[in-house]
Each structure stands twice: as structure tokens, then as C-alpha cells.
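Got a structure here, written out as C-alpha cells. Questions coming.
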């Protein structure tokens, strides 16, 4: 078997760096500036944060990957690990894999590098980082790190300096000494002996090629605004709080409002109330909060009130691993309500997609008068990336609203589409009482079999008949073997598929964006000609695999590659797994008489 | 009371575990941990007969820092879990702990009903007027004009007064302490644990990271100008003019605590007799 | 919080045993607090200051042992605690936890230790000044002298450590989520 080329196309090459340290070292700031500088050099990049359990001053690392193409996943190894100090960094041993070609740079005065890093065979360099900072007029050591790491990665000094200047909020003197520290870091980098990992080359972007730098949480908040959300109820929970905090001032500026609730029971009921009043509404939470909201979501289903609930998934179950990512709320999202309660479940598959899919979630919720759960996760939510500026204009949602004085108005009329016009409070002649109790078409509570079946059919039909178009999934490539996934794993899976292809294994990729409702015939179409599927996801129980098998007839013997958080799935591991899996299903000669 | 005789057998160190707290240096919760372990050593029951139940937040990390049986539950539900534990195991000493966000916001409903139920529990809230663990949102005890990201310019909402709620809802012991006086706090906590029924102690415990201005609390707190009372009406009058910084025991009442489950009085066979034809 | 002295409360220990009991409490609490601060600094990766606090704990522990030896007391002896005599809520020689900062430098730690030793010295000076008997006065004076030596020691130590820059407490990174 030919070796798997880690970088099949030179243009697709990327550079991965980790900057680590503790207690006031400012590694996150350095990482953010590095990402900014990369953007100024015409590159794309992704930054992921990781830290110890202390709220301040503990060990932390900024993990970056930069490249000429959009970056949405970390690589298998880091080209550089630069540690301002080594305290407790062994905690990050699994998260920062390095290899023989990597540079392991530490401060000469900060002691020994932890064994977990040294034994991986990287080139060890001990440099006087703190001393250099001090000598540069008392600049900060993270600026030396910025200059050093940025230069090794191939970023021009001008880009690094511009990033620093643009972010500076303190005195001009302090700026000068930190620029000096940065320049000293550059000098240290230039003085490094070979071998060194090959640096990136800045890109001259075409004029007018606009790009954004933001986190998945911010993107989702922005998408919600685009979709027309104007009321948000908020209860803080890691890792969703930043989405709510971003929306607070933005909503107000757009004439909307945000209310901090006493708990998640309150926040879900608040947005139901606001939406009942005609205002598109949203809340954001994580697993434990979603668990509290289930009764409310069921109410929104039964009363046909549109709401959007963003679930920024984290390690579960229960309190779990709050600051780490996982895709383990899927089963709960698609099935976790009492009664027969169909609802919309969407999952963005990248930081850029958080914006578009949040907007889509609002549009669908409003159009179908249904709750929509948006499954984001900590990886996308709290990581920052350079993305192409969205080109499409915002398309605010449209709700089917009943006209005043409609004769014989029935809120829950059994229409062919299943969507019945909604009366908005303040509209004369058509007042009604929304109800979680089962009801007649007029909305009067009913325990009659006829009414129950009618309403159950209506609420299911409205979701199943809607034409969701091609956005329901990203379907890429040809082949008899398909890999199916959703959410943040998509980027790593996509890269793994590329690498496998370069090694001679052809795979189709299906990344599902609309998880519920799931239309078996649509999935069948996506898998036309596919003999075997492998379902890839970041959870312990293979939730997507189980879900798909329970709803559809998947071809062949469906297999699952599922691993829980907190570590991300890496392209190299996936590529090897795909190739091994494909080898167990060798190509069959074409069968005769089988329709395409 | 200034003179205290130390417990003969146990010291505070017996109640402190080996886990080092991850609280920020300067956090008031360190001294609260000291006060709690000191109070438990005064009470004198061995650690394995004491349970510390908490919710979610910085202060809710406290159970693992003690050598008692601990339960680190979900956000806001510590009182419910503690109530269940005490109802099923009245022989244990149950101390429920948490912060102001956990206890008064999402836990508000349980707070009210725990006071009303008056089970023999002790509830300690480390109040720092902020949601610390989620990085600085307003809590129910936050001042209305405190600027923060989730409520820019402040919530504009009057802050919650937990001592008023506790007294009105039926708690049998209501007190306020300050983390800056660990020994005074230990005395109050010990008294609270000894007192029958639901004992509520609010401990002002500054957050050095999100509310650094709370270092000024040590100049604002003062001993309550009057002694404790067992008359709810007098306590009520007093609490309505409380400035939030009176330190001491407000109310140590005689409200009947929730009755303990009586011992078994019938066999299964006797019970099943009901169905016999 | 300043707890006012109750009118008529004794300002001075009634006996030698009383005085030495107080001294023992003061030293024991100082040891416990320094150990706690050392743990706190270690957890937050401030190893230099942690080591300093650990060292201070060691010195105070020597003082504890000396008192026990002089009085012929067992290591786990229980002594009453007259907290009303002190003018601050905690005993004179403990460093208040609120003074901690995760980025503090050895200079800061030594300043806090200096204040603690000075408070202890002042306390024993007052005990000596208000002592009822010569035996108590002499013992209090001896304690005061030992604290004075500690003060001098800490001052020496301070002279050897660099003063922190003005921006020592600046952390470019924001606080983090953990729960």
C-alpha cells in the first residue's frame, strides 16, 4: 500500500503551531494575534483554545493551523510547540502531538520540557525568551513568542506588527517595547538552525475578497440575527454563554432585546411566550440546559410555536466535561421528548456554516411553526477562524400569519401542507388560545381520537412535506463506499477522504445538516450506488449510526467509527481507518441488470 | 461569643481533604472552607457522618475539598438533593452549599420550599454577587447597575434579598457572615448546624476575579447592632432595614422542624391483609 | 472587619500559660495559613512564591516546636482561643487570603510576610506592656524579640529580591470557563 501523503497538494499545505504557558503568559492573546496576522498575510486559519482547571493563571495553550485554503480542522501533528514555561503542560500531551520534524521550543531558564513531548523526537531548542523580552525594554514574553512563532510559520513581520498595533489598547510606550519584543522574537526565529518545517507563503488576495474572523458562537448569533431573531432569553452555561453575550448588544442595536432568565426552564418558556407574540425568538444552551428545556420544547411542538434552541454540545453525560467538545446530544435532540413530538434538528458543519445554518434554522422554525434545535458544539463555538465573508444577503424568516377578521378562523386547521396560519396577538377577530393540551382545529382542548390523530398527522406532515432543498446535506465525491457524518467532524472527515483518495481509496462523503426530519428517500438518493457506509461521529454510543439505522435502510453492513470527546478526531487517524475499512470491502465487478 | 473551647477529638484539619482548591488566589471561598471545617470540628461528628451537598459553580466545588461524604450535583438542585438525603437518612448531618447564582436563581424555587419545609438541614450560600464560573454575569444579588456583557449597563432589576425570603418562607435560623472573619463565621456556622430545622447562613465571600471592588466589603461589613431574636415579627422588622452588610444571627426560631419519619410499625404481611378476601 | 473590644474584656493574658497558649495559637495558625498559600500558588503555577510561603511555614513551625518544648506541651495540645484580644478578625501573624494574587512576585509575598511579623511583634509588645506579672512580661518580651528577629530576617530577604514592574498584575488573557 502506498504511504499516505499528508499533503497531497502543495497548495493545500498547512502549518500547525501551539503556543503554551501559564500564569499571565498571555498565550491566548498571542494566538489571537497570530491568527489575525495570518489573515493579514492573505492566509486562512483556525485557533482552538485549551486550558487547565484554574480560572486564572493556570496552564493554557493556543492551538493554531494556518494555510492558503480555509482551515476547519486541526492537523495530525504540530510543526511547532513553543512553550513560554513548562508548568503542567504534560496535561496537553494528547492534544499537542508533535513528531520528529517538529520544533519544540522552550525558555532556556524554564527548566526541562516534559517527557511526553521530548520522547516524540522533535528538534529541541532552548531560547532565552523571558530574558529577550526584558532586554527589549520590558516588553511581554508572549510578544517574543508571537514574533518567533509567526516567523517560523512564514508570516511577514509587517503582518505581525500590524496585528499587534491594531489590538493595542494601552500606552504608546508599552506598544513600542512590545513591538521591540516582537522584533526580537523574529530575530530568534531567523537564527534558528535547520532543519525547520517549511514555512507558509503569504497570499495576495484579489481586491475585494472580503473575509471575516470570528468564532462559531458569534457566527451562530449573527446568523440568528440575519434570520430575524429579535428576542433572546439567556441563562449562562459553558460553552454557550459567549453566543448570548455577543447577541446582547447586537440585538439591542437592531431593536430587539435580551432577558437574562433565572434558569433554563424560564428561558425556554420565555422564548415561547415571545414567539407566541409574533417575535422570532432564540435561546442557547448546552446539554444540561437542553435537558431542562425538553418540557418547553414539547410545548412548542404541541402548540405549534416556532422557537430556536441552540445546543452548543459539550462532553456529557450530566455535568460531563464542560469545556470540551463532543457530539453526544444527537439522540436526545432527535428523540428526547415525551409523546410523539416531531421537531427540526439542524447541525452546522463548520464555523462558517454556523452562520448560514443558524439563519436557516430560524427560517425553517418560522415557516413550519416548529421548534428547531441547532446542534453546534464547543469546538466550533469557542474556536475562531478566518472565513470568507458570506456573499448572500440575509433572508429574514417568513411566518404564515393569519389576516384580521378571517371568517371561521381555525388556528390549527388541517391544511394540506400541515402549516396553518398563525394569529398574532393584537390582530382583531381571530383571537385563540394556544395549548399544549391536544386540541381541535379551532384550538379547543380535546381528548378525542379523531382530533389527536389529525393533529399528530398535521404536525408530522408539515415537516415531512416541506422541500428542504439541497442544503439538507453536503454530498461530495463518487464511489461505492460512503462516509457519513455531521457537525464539526466534517472537516476532519473531508480531509481524510482527500488523503484516502490520494492513496487510491475513493469515498463519497455525506455530511448531514438537517438531521430531523430525516427523509429516507432523500438519503437513499444521496447514497445511490453506495454498497457500504461508515458513520463517523464524536460520541461513545454511535448515536448517528443508531439513528440512521432506525429510520432508514442503509446499504450493506453499516459500520461506525465513533469515539467520545475530549480529543478531536484527526484526519490522519480517520484516513487510515477509512483505508482499512475500504479494504474490507473490495470492489465488486459490476453486477448485471442492476438499475442505477 | 469570643471564647471558644476547641473540640476534644477533631480539628479542622481532619475535615480538609488533600485536593487543592482551584479557586483563584484571593477568593473568599478559601476562608469559608476553613470556617466550615472548623465548624464541623466543633460539632464533633466524624467526617463520615457528615454529608456536604452542592450544585454547580465555584463555591459548589467545596465538597471534594472536605473529607466528608460529598455530592456535587446539578445546577440549582442542591437543596432538593440534600432534602432527599436528610429525609431518607435523618441520622446524618447534612450541609448544603453553593453560590448565589446556583442558590437564588435556578435554585430559587427550591430555596423557598426548603425554608418552608424546615427539615433539619444547614444551607450555606457563598454570595459574591456574580456568576463566577461562567465568567461574570449578574446574579440575583448583583446590584442593578453593575455593567456586564450579558446585561450591558446593568440588569436594572432590584436585587434579591435572601434573608427576607428565608425568614418569610419559614426558615428556623437565618444569619449572615463574612469570609473575612473566618472564626466568627465558624461560630455562626456551628450554631446553625446545631440549631434544629432549616438553618440558612449567607456568607459574603468576595470574588477577586470578577468583582475585585469587593475587597472594599471588609470596610462595609459591621456586626449587627442587635442580638439575635426568636420572634419572627421582630426579625422581619429588622431585616427590612438591613443594608446587606449586617453580620450576625438575625433569627434563631422555635418553628417546628419537619417531623422525622417514624420507625416501622407493621410487617408486609399485615399490610397485605388489606387485599385479602 | 474590626471587632470592637467588649468593655471590660481582659487585654492581657492572666498567666504565663495563657500567654504561651495564645502564642502557640498564633504560630499554629501562621503555619496553616502559609501552607495553604503555598498550595494555592502551586496550583496556579506560581512556584517561586509557593516555595517562599513553604519556607515561611517552616520557620513558623520551628517557632511552634520551640513553644511546645518550652512549655512541655504535647504536639496536639488544645489551648483556648481568645480572639477578642486581637484587633483584627484573624490572628496577628496570618497573611489574609484576600491579599493573594495569582501573579504575585516574591517581593509581594515578602511584604505580606513582613506585615504579618510586624503585627505579631506589636501584639507581643502590647502583651508585655499590659502584663500583670513579671514572669508574663518577660515571656512576652522574649516573644516580641523573636518576632523582631523575624522582621529583620524578612527585611534582609526583601532587600535581595527585585521589585516588580508596574504591570506585574497585567494578564493579557481573560479568565476561563471550566464548568
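A, B and C label the chains in the order they appear, each numbered from 1.
The criterion applied here is as follows: contacts are C-beta pairs under 8 Å (C-beta built on N, C-alpha and C of every residue); 3 or more make two chains touch, one makes a residue touch a chain.
Note that the structure is a prediction, hence the values are computed from the model and not measured.
Pairwise, the chains sharing the most contacting C-beta pairs are B-C. Centrality by Cα centroid goes to chain A.
Work out the mean CA point of chain A and of chain B, and you get 39 Å between them.
Per-chain CA centroids place chain A at a distance of 51 Å from chain C.
Inter-chain spacing, taken between the CA centroids of chain B and chain C, is 29 Å. Looking at chain A, one finds that residues 53-58, 238, 241, 319 touch two or more other chains.
Multi-chain contact residues, meaning those touching two or more other chains, occur in chain B at positions 22, 24-25, 56, 58, 133-135, 209.
Residue positions 43-44, 102, 174-179 of chain C each touch two or more of the other chains.
On chain C, the positions that touch chain B within their shared complex are 1, 3-4, 6, 9, 32, 36-37, 39-44, 78-84, 89-90, 96-102, 104, 174-179. Partner chain C is touched in their complex by these residues of chain B: 2-6, 8, 13, 20-22, 24-28, 30-31, 34, 56-58, 133-136, 178, 180-184, 206, 208-210, 215, 218, 221-223, 247. Per the touch definition, chain A reaches chain B in the complex via residues 53-58, 234-238, 241, 244-245, 248-249, 252, 258, 260, 262-264, 288, 318-319. Chain C makes touch with chain A in their complex at residues 43-47, 102-103, 165, 167, 170-179. Listed in rising order, the residues of chain A touching chain C in the complex are 22-30, 51, 53-60, 85, 87-88, 138, 140, 142, 174, 238-239, 241, 319, 322-323.
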